[in-house]
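Here is the structure we will look at, set down as structure tokens.
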Amino acid sequence: MSLLRVERVSRHFGSLVAVDGVSLTVEPGELRAVIGPNGAGKTTFFNLISGFFPPTSGKIFLDDRDITAASSHRRVDMGIARTFQITEIFPELTVRENLRIPAEVAQGLRLRPWLARADDERVRARVDELLEMGGLADKADRLVGELPHGDQRSTEIMMALALKPRLLLLDEPTAGMGDRETYDITTLVRSLHRDQKLAIVLIEHDMRVVFHLADRIMVLAEGAVLAEGTPDEIAANERVQEAYLGKAA
Amino acid sequence: MSEVNRKLAMLAAIWAALILAPLWMPLVGGYTALGTRVMVLGLAAMSVNFLLGFTGVLSFGHAAWFGLGAYGCGLLLKFVALSTPLGLLAGTLLGGVMGGLLGALIVRRRGVYFAMVTIAFGQVFYYIAFQWSSLTGGDDGLRPFYRQPLHLGVATVDILHDSTAFYYFVLVCFAFAVAAMAFILRSPFGRTMLAIRENERRARFLGIPVEMHIWIAFTLSCFFMAFAGSLYALVNNFADPRGLHYSQSGDFVMMAVLGGMRTFWGPLLGAVVFVMLQDYISSITINWQIFIGLFYVACVLFFPRGVLGILRRKATT
Amino acid sequence: MRDRMIQLLLFNVTNGLIIGAFYVLMAIGLSLILNLSNVINFAHGGFLVIGGYIAYTLEPYLGFWGALVASPFLTAIIGLAVERLLISRVYGRDPLYGLLLTFGLAFVFEDGTRIIWGAQGKPFTIPAFLSQPLSNQFFFITGYRVFMVAMVTVMIALLFLLLRFTRAGIRIRAGTLDLETVAVLGVNARALRSLNFAVGIFLAGLSGVLAGGQLGLEPTMGAGLLMPSFIAIIVGGVGSLVGTLVGGLLIGVASGVTAVILPPASEAIMYVLMAVVLLVRPRGLFGEEGMLT
């Protein structure tokens, strides 16, 4: 049984077709990349999977359960977490506080008016664990809004991870980063994939990252699937090469 | 001084000032009953801030719940039972429950639209209080009713005639409410409120059902507000339709902004300053309205972070 | 007997439409400002009062018609000044500050009017021929009321034409949907907002003159008209001028009709309408639809 099955979803905005009959299947533990030029509909596709808005047509299944009509917070409960193209964090809270909130949600504590000692300790331990994993331990008590872009990104990824997702959607995690930061984020994602055995779907423009990480790649153009396959197959695909790889591998 | 110690010191100072107020107030030209009044208004401002400063929700008609609390308390004391605790309970429930019900209607809206509807809600109750004069006394307000002595088993406290005893009664109520607020804000739920304020989209994609949490925060703040309103009825032995008017809402919001919207104690400080200012101005001119208006304008343009907001900034830089 | 009932109903519906027309004039100005600049202009009632009093002051020199024409423009100029100097400073900030600012301004205007012109009500004379009823049968339709409705209709029609066909109008409409994009396309967003605000205040000023003729002038008259304007916008749907138009007429008529059936409830009915709309169609009758399309 696949983890995620997206069946021919489309999304129209008036007469604009942003996503056109795209299908995708993700197995547990896979790392997929979605690439394509700007405006190809990649983020809209993510928005459909994460429940930002419903598809105009098509269906989405998680573990064979139809989640097409499920709200975004329901989908989080069911195991989908995402990051955004423009980093979305809580700027005037510390890193620790940023991580604490999803950790509490994941443990079902979000409505609690108070925390028992045992629960509190468990949440703290989890947050410390996440801080270590993300390389943020030394910045834990700083306001996220004041950190450099790369650390904000890492925080956002760790926030998503705090939710104990089974499927992680990363929207251009290395956007706007220099080589060093790109390397750090790539390493982080790879270790997450390997150690947490998460399924990850990644939107990326940086081809080095894509070819380094992905098991399979899907190429979107003008809202539809242009090609799909292993990195080698995609690299060899002439249509993809000519239109979209540009400076790549 | 470390951050924690500074906070503890501030807390100690605040509570010391509150507990000793009947002693130092006359020394600065004040009197105990004024302190009681300011404390209750401060609680109201803190209740608004619970929603405004900590969840980021713009409710500009919150005086409605304050007024409902006052009327609930007064009506109970006048028509049903001569019991202060019951009066408080009645007022708190009336305002809180109405707030919860109406809040459910508008929880999907945000920003200015939400504000508009809360203002309209407030006016509905103002209108009812005005028109239903057989029950509420209309424009003249609800009277007579009086706060009743407290029978504590071991002693009876005459809070009607002994203004110091009443002050401490209100202080106990205040402490109780404030503790509850602080508790909630420090809890996981309170953290979700902050999350919603900081970045609603992010909160939603972290699995927080935003509308539900906003509704809960809204309802809680209505309960606190109604509690403050009930106390206010006891302070004046009187309930007034003007307490429901959106200008009263504006005053409470202004107190929160003036003191520092994102701080816990700011609104109390704001209440102190605002009441002092209002009393002073209205004693020297009948055109106090224009000065209050100018004050609002000045605050918004030059002082948006409020007193504590500025102090806090200075401390962390 | 039936005739009396019909007369009464007609009287109240017509009354309602007249009141409604009035609400529309106020509410549309408020709506314009809200839609483009995201500011709830609490001071709108204050501008109404200023408009009325300016007309009162000018009347001895310019006569009724002169005052009628001059006052809205002068009021709009004041509005422009207020917008440039004060309100523009809170654009882009938390909407809370816009609210508090206009709130404070409302106080300033009301008291300011009181200081300048005194707290007593002032009469505002209208030309004699207008105060005559049109016919004995329809005694309640005075010339002035017809004139008011005619004025409102002309103004609203003008506004809609302006918004549809002039460059500025088109930009305002586009800006309501997405001001950032419009600005990026080279339109001066600042000037647009100022113009839009001035138009809204013009309408408020005009409302003041018309109200003055009907009810006389008083410093507190603005506040009473603010709430119905709010409700007209909520009922009609935020973001839609057509909605505001319909909303205003609806609550006016509802108010008029209720006055026949249950007089004390005629003011409450608009709150009831609002509650119904919120329950059944929270975004309002024409909500989120954009303007005039």
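Some notes on this structure:
Letters are used for the chains, namely A, B and C, taken in the order the chains are written, and counting of residues starts over at 1 for each.
The working rule: a contact is a pair of C-beta atoms (placed from the backbone, for glycine too) under 8 Å apart; a residue touches a chain by one contact, two chains touch by 3 or more.
Treat the numbers as computed from the prediction; the structure is a model and nothing was measured.
Touching chain A and chain B together: no chain.
Ranked by separation of Cα centres from chain B, the top chain is A. Averaging Cα coordinates per chain and for the whole protein, the chain whose average falls nearest the overall one is B.
Per-chain CA centroids place chain A at a distance of 43 Å from chain B.
Averaged C-alpha coordinates put the centre of chain B at 33 Å from the centre of chain C.
Once the centre of each chain is set as its mean CA position, chain A and chain C turn out to be 49 Å apart. Those residues of chain A in touch with two or more other chains do not exist in this structure. By the touch rule above, chain B contacts chain C in their complex via residues 52, 58, 60, 105-106, 108-109, 111-113, 115-117, 119-120, 123-124, 127-128, 131, 250, 253-254, 257, 287, 289-290, 292-297, 299-301, 304. Residues of chain A that touch chain B in their complex: 50, 71-73, 76-77, 81-82, 84, 88-93, 97, 100-102, 104-106, 109-115, 159, 163. Residues 183-184, 187-189, 191-192, 194-195, 198-199, 201-210, 213, 216 of chain B touch chain A in their complex.
Considering their complex, residues 34, 38-40, 86, 89-90, 93-101, 103-112, 114-115, 227, 230-231, 233-234, 238, 264, 267-268, 271, 274-275, 278-279, 282 of chain C touch chain B.
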